[in-house]
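Each of the two complexes below includes chain A, the first together with chain B, the second together with chain C.
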Partner chain A sequence: MNALPRAAELGLIGCHVCGLVCRDAHAAAGAAQVVACPRCGVALHRRKPASYSRTWALLIAAFIMYIPANVVPIMRTASLNDVDDNTIISGVVELWKNGSPDLAIIVFAASIVVPMLKFLALGTLLVSSRRGSNWARQQRAGLYRLVELVGYWSMLDVFVVSLLTALVRFSVLSRVEPLPGVIYFGLTVVLTMLASMSFDPRLIWDGRDTDD
Partner chain B sequence: MTDENRTDRDLPERESLPRPVVKRRRVSVSLIWLIPVLAAVIALSLVVNSWLQAGPEVTISFQSAEGLDAGKTPVKYKNVVIGRVSKIRLSADRSHVLVRVALEKSAEGFATRDTRFWVVRPRIGLGGVSGIDTLLSGAFIGADVGDSKEPRDTFEGLEIPPAVNHGAPGRSFILHSDDLGSLDIGSPVYYRRIQVGRVASYQLDKDGKGVSLHIFVDGPNDRFVTTDSRFWNASGVDVSIGANGLKLNTQSLATVLGGGVAFQDPPGPHDSTPAAEDAEYKLFSERALAMAPPDGEPRYMRMRFEQSVRGLAVDAPVEFLGINIGKVVSVRLDYDEKKGRFPVVVGAVVYPQRLGSAYDKLEALAKARGERADLAQLMGPLIAHGLRAQARTGNLLTGQLYVALDFVPHTPKVAFDANATPLTIPTAPGSFDKLQEQLAGIVAKLDKIPFESIGKHLDQTLASLDSTLKQVNAQTLPAFRDTLEGVKRTMGTADDALSGDSPLQQNLNSTLQQVQRMARSLRVLTDYLGGHPEALIRGRADDKPASTPAVAPEPTVQPGQGSQP
Partner chain C sequence: MGTTSEALIVCEHCDTVHQRLALSRGEVARCARCGKVLQRHYRLSTNAMLALIVTALIVFVQANMWPIVMLGLSGQHNSATLWGVIIAMWREDAGIVSVLVAATLFFLPLLKMLQLGWLLWFARQGRRAPGFVPMMVGLHYLNPWTMSEVFVLGALVAIVKAHAYFDVTPEPGIYAYAALTVLITVFAGIDVRQLWRTPGVAA
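Moving on to the complex of A and B:
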């Protein structure tokens, strides 16, 4: 690494809301005190506070929620002579079988691949950053941006279910009802988004050679 | 070192920067880990919940998995879902399908020994349509739970839904019948033509000699089944052509098509206490039989008929003085080596109880005599008095015969062994047989008449008559015609003589005029004589007083003889 000075080294701290740069008072303040921006009053941190633990916690919670989201059926399609409860996977399989492989792929990507990708990506980022690895920092930063970008797309399933529920209401003829699975799935998506938000990408650049 | 230098160098700039506000930290413990804990709790609760919800798993075997769908087909009790089919597979020998059903926790009580499962499919029977809703919703498995607490997890699925659910108000009864007739599970049970129950099940008796039917009569109508109730098969159209003629019996149309059982108390005094659960009854084949007084012990007897018994069928009635006391059960041919004839041996079952008080009296008499009160013993004196079995024609149209036990006058005495088994009743030729014999005699006599010679004589007579007629034609008829012509001529002459202008007529006319004139002059004379009676003697007073009266009558007579006036 080149020896560009870090804000912490210069005793500076930037407000992440209003952008005001002020003197770092963390050293002066005790552990029981909060350093706040003099202009907007928001708490100041050198890095997002407890980024690792928060991200880990949210990620684990998301992963736990991901299990029932896949096991519990998310949607009930009731037609005249048939009641069908579908989990995400069975829905994908059904779409594929019923001759809409394109839709199946989209749903599969949004509901299975993206959350898994997020778990893997955030996990990798967390582990590698914690270890202060210098490995592929540029790419890891890119990975983080990808996770942020792709995050809201995984809500696709939830939208599909809520849209269908609202649209397909022909009482006896056919009916679509949401089932608890969609709540777990929504929670998974929300939690992964929160996890990616609570991750501070600057941690990627905090190498082993620097102190936090 | 360099870092420190830099820090030192930058310090003045830093001093000019604003100083952040230092506040007290409100919460020091990191609460973020509550989120995964919460998530874990939720996930765990799901697991626990599903584990708690999961009831017992049972396996039901069916003949076919038609309409069943793993993961979808529900199991319902009283239309409440109590489980779901989780898996369907073939049995090891591929003879049936094994359906694995995950019951709900609340349905634990269904995994007991006497629970019954069946597939509810749309069924269209004569009794009605059932399970029509499954046309749309798909088949489901119906369940009915019993009282047993004994746990069990493999069941034999019923192919036909049970007619009666456990715990339904009402009572079941057992009927014994010779055959099932057109009855089936679910066939209605009628009381006064109102359906009050149905056939729940049936099975062959262990010895295979009959059928036992379980019927279920719904409450509160089950109280009408009394200890004396009679059950009969109201199935279909009962057409019987017997010695009694054509008979047609029907119940309601549905029963005609689908069969059914009816019951009623017998007429007259009877025990009307409601029957106990699972009481056993005999199922009669028809109402008349059911309503008849009880028959008592049947007795077998045998008759040997020497003549043809064409028209005598099994089940033909046996009547004693016109009262039906039994029926024919067998008609068999035998061979008599001594006589070289073929007698027909007719076996019959009679119910002495049907004789009613007559039998009771005979029985009492026999007892008084100190004999065994057996039918055979009772028969002895009756046969000595001329009791004989006859095959009589019951119906001239169909030629059906029945066996009549009757006192036949002037029958030759026969030996009767009261101790022989089976009881053999001597026979006498029936009335029709007698008639036949008499007819045969008449025919034989007719046969003796020499129709041939009579015919020949008749022929000859006719031939001579023919020649006579020819003679008449050739000779007599022309002569007759001549005679007729002569007559005709005579008649013409007579006609001429009588016509208006004939001389005869004119002569007659003038003669009559002269007679008229003479009559007038006679009147004049009588008038004159009336006035002058003396003129008879003296004659006319003026000139010829004496002669005139004497002469006068002569001229009056003369003109009458044709003289002109």
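Moving on to the complex of A and C:
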């Protein structure tokens, strides 16, 4: 036997909600049967169900939303003599010029780098795991942990636009309004979060060579 | 072993089976295959965690009631609370964003703190709270959707952006939010799952 036995090889399942280690009763109950965790009552699965197709579907949906999120302006600043529409990237540029370059870098990371990282990382993980590749497994596992850790910080720009909308309400003198881009961007963030949740990182290690 | 085992841990990220260890102060157990954290040693007692949650709830109420920032332009002044933000987005035809903000910054964090407080209040007396199982399952699912710490950074960015055109005055709400972020960071490290195994609480 392998020095690092895996639960599936030993006929065990770790409950994904409460963590309890259970004997896999699927074989005895029949494969189609739902077997519930004796402690928390949630259905036990050896792997997250339909992980590849769900993750692909959510990731593609997120990418479709991501295009208008970047092209369509997210915010309109209207004052007496001028109307200015900002996209995500022009907002970063403006912050760099007028405010603080440090914060501009943070916003750039949260709004541009993190979503791109999620598309590339999850795409890479899906393709390499499907092929049963044993390339850089440790690093791919680390990549998944990174995606899970930083994913929700992309909501930053959505909160900035919301707060400015509520604050900048000086009738004709100056107003900020949200534009549809911010809705697409919010949906992108939610969909990428759902995509990374539906990916099962155990698939990274399920390839042909399980020994390392 | 019977049908379940408390002596084993299965790594959630790679399915490797490990023996549960007795950790001492400051120790962290990582998976030998993929490096995911399996166990941490918790310094906080049930009492300390409950105190932390109650503090966080009080600060949360303040963060939501007090205005966050005030802007001034030619003698006019405007300030906003979190609910002001939610209502403003709703009126500006960004209903989806309004719902997202309300869920991730108000309803889900509130629900999380109330549930944790309830569970810990009973755990402190060595009892299992009514509704223990559905609440523990619920906490697992709502955990990734609370975003107060992102909002604090967002408020900072909004202040810097507005500073170029307006007089910006931070209001008490922003400090309450900053304090809330510190508290959230402290209890983000707590794995609620340990309650499943707390003596008297575990079935």
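Odds and ends about this structure:
The definition used in the following text is that the second predicted complex is superposed on the first by the 184 of 212 C-alpha atoms of A that agree within 3 Å, B and C clash if a C-alpha of one lies under 4 Å from a C-alpha of the other, contacts with A are read in each partner's own complex, and residues count from 1 in each chain.
Assume a contact is a pair of C-beta atoms (placed from the backbone, for glycine too) under 8 Å apart; a residue touches a chain by one contact, two chains touch by 3 or more.
Small disclaimer: the values here were computed from a predicted structure and weren't measured.
When both complexes are overlaid on chain A, the residue A:202 reaches chain C alone and has no touch with chain B.
Contacts of A:22 after superposition: both chain B and chain C are touched.
Among chain B and chain C, the chain that touches a larger number of residues in chain A is C.
By the touch criterion defined above, A:95 lies against chain C but remains apart from chain B after alignment on the C-alpha atoms of chain A. Of the two partner chains placed around the shared chain by superposition, chain C is the only one that A:156 touches, whereas chain B remains out of contact. Once the two complexes are laid over each other on the shared chain, residue contacts for A:39 go to chain B and to chain C alike. In the superposition on chain A, contact of A:182 is made with chain C only, not with chain B.
By the document's definition of touching, of the two partners only chain C reaches A:173; chain B does not.
With both structures placed on the common chain, the touch criterion links A:12 to chain B and to chain C.
Chain A residues in contact with chain B (one complex) as well as with chain C (other complex) are 5, 10, 12-13, 20-23, 25, 38-39, 41, 187. The part of chain A that touches chain C in the complex is made up of residues 4-8, 10, 12-14, 16-23, 25, 38-42, 91, 94-95, 98-100, 103, 106-107, 110, 137-138, 141-142, 144-145, 151-153, 155-170, 173-174, 177-178, 182-183, 186-187, 190, 193, 197, 201-202, 204-205, 212. If you check the complex, the residues on chain A that touch chain B are 3, 5, 9-13, 20-25, 28-29, 31-39, 41, 44, 50, 53-54, 57-58, 60-62, 64-65, 67-68, 72, 80-84, 184, 187, 191. Residues of chain B touching chain A in their complex: 2-3, 6-7, 10-11, 14-15, 17-26, 28, 30, 32-33, 35-36, 38-40, 42-43, 46, 72, 135-138.
Chain C meets chain A in the complex at residues 1-6, 8-17, 32-36, 68-69, 71, 73-74, 76, 78-80, 84-89, 92-94, 96-98, 100-101, 104-105, 133, 136-137, 140, 144-145, 147, 150-151, 153-158, 160-166, 193, 196, 203.
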